[in-house]
């Protein structure tokens, strides 16, 4: 679960590392973006001028690593003006992330 | 300015160190507690079982160091059920902390 | 003692975004445990409607001057917190 | 360019407790600068009523995919941010 | 009685000492778990939590030395303490091997902590019956 | 023109690199201030910000090494970089003198940073025309 916005902290990046590790070791894993974390999914991020790497580019490796799904909390997306049109590809909108949560045996934040 | 609750983080303690240093070097300084920071001011704190020192005890040294005033945001106090009766001594209630803020040449958080 | 589906451990103050997410995630059969700064929820005048058993870590409450517990909230010490995590099928740390 | 009484520099997301405190502290004659995660305020649909000039640090907005600026908000680069801090009598970093 | 069956725990600490309460809460929890007969398989430090494994902390003498307390607890109970290598290298926590590899002027990892990859954590999520996270609060 | 008169700044960084964006924003600000002819009197590291002065960071080679970048900037512009001693000792950042005093196994302070008390910060609030804080965001 990623509920923190990109670039301001490293928590989201370290959550991504956790997800990729699980997938690399053949564990079933999905990533759920909630709250300000949905801003990870906005298209056209250009972090060159703050000397960071694009988190969207990192995320695009998720299917290759074997991450099963990228879920985005629909209410949070509405709050931040995010629709499938201005988001990166491959995201599944989730109307009730608390219901989704109950379907998983483990759920964790990176910090 | 202290807007973070006691014991959960060190930011408040380090803000106190800043205030005490200013006072020790004869600079006029007051401390304003806002938001969850007002919980610093609750009486009868007993942090022995979590192996920390009482922040209320630290605070009681403020007048000795020469800190001019301890202000508490009144709205935040109401939110957390704090009245002058269940707070440590020497606190001044402040109805508009934003107005108070404008009277100071410098205002800073510790983190 | 009844089994707990998901034990939600919350250590953030009541206004924190993750506190709100946690409240939103509570389901029948779950339980909620306040630790660290989350115990300040006991002091707030506005209580959200919570339909699951609520526990509070006593050492954290005592530290913050909140030794007296409101009705409907159970104080636990660390051994009892361990029991809760052992009884729950899943634990989420918010 | 008019002098600024207090320049409020905010680097927290819109829901953060310190964002709310910052909005509350704005007075006529002040100015507000969004940096880091605070630029996400540009993307939210609910805009609080702000009666002071609002600036946004462009590199942070671009990084987050928010290169287009709403009306009434001025994009600044780092040199212009320096100018703002030089013009202001006081600066508060929230 | 199923409700109180013995568990084996992995504890993941992501908050730093002297910045968050996470390492303190985790230690009091771990002591209580051991006392109740449960097993702590390992403690995994991630993110800012890796600072708990620093050998160079010198807090004021009237404050608890959380790194020492944790190190003593791990030794006494023969519990492995693992700091994530990616988190550790970014934050300036290195052992002798990493010191040499990156030609750094010193190493600062406190015994008995070791440095290893996220694979240790993945293994924990599979092998331990409970994985508990101790994050920084506010 | 009074509005653009030259200032002398003290920058206070309280957020750690690889945890917050604070040291990055502060560096880009400092470079722009110098380029505009302003003076940076000193940079003061407080709280988690002291981790910026670690000599042992080894981030991945495709990420910016913020401690090195800052150290280079300070050297090139002859700006003092000061880590608060109380914050530093709690968090495991020590120079040679503190290593000896506390009998620690190593020191890890990156040049040209020095370790000093809050008095340096108090002096800054008096002497500099602007004191700017760079805190951790979220």
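Each chain carries a letter (A, B, C, D, E and F) given by its place in the written order, and its residues are counted from 1.
Keep this in mind: a residue touches a chain if its C-beta (ideal position, glycine included) is under 8 Å from a C-beta of that chain, and two chains touch if they have at least 3 such contacts.
A quick map from chain label to UniProt name: C, D = Sulfurtransferase complex subunit TusB.
Just so it is clear, the model here is predicted, and its values are computed rather than measured.
For this structure, the chains sharing the highest number of C-beta contacts are E-F.
Where subunit E touches subunit F, the two copies mostly use the same residue numbers: shared numbers make up over half of all numbers in play. In whole angstrom, the spacing between the mean C-alpha positions of subunit B and subunit D is 27.
One simple way to say how far apart two chains are is to compare their mean CA positions; for subunit C and subunit D this gives 36 Å. Contact of a single residue of subunit A with at least two other chains is seen at positions 5, 7-10, 35-36, 50, 52, 106, 108-109. For subunit C, residues touching at least two other chains, in rising order: 11, 13, 15-17, 36-37, 59-60, 93-94. Within subunit E, the positions touching two or more other chains are listed as 18-19, 21, 25, 28, 47-48, 63, 86, 90, 133, 135-138. Annotation, chain-chain contacts: A-C, A-D, A-E, A-F, B-C, B-D, B-E, B-F, C-D, C-E, D-F, E-F (touch as defined at the top). Contact residues on subunit C toward subunit B in their complex (touch as defined above): 11, 13-15, 36-37, 40, 43-46, 58-60, 62-67.
Remark: subunit B residues 5-8, 35-36, 39, 42-47, 49-50, 52, 56, 78-82, 86 touch subunit C in the complex. Interface of subunit B with subunit F (complex): residues 10-11, 14, 17-18, 21-22, 25, 27, 106, 108-111. For subunit C in complex with subunit E, the residues that touch the partner chain are 1-3, 9, 11-13, 16, 35-38, 59-60, 77-79, 81-83, 85-87, 91, 93-94. Across the interface of their complex, subunit D is touched by residues 13, 15-17 of subunit C.
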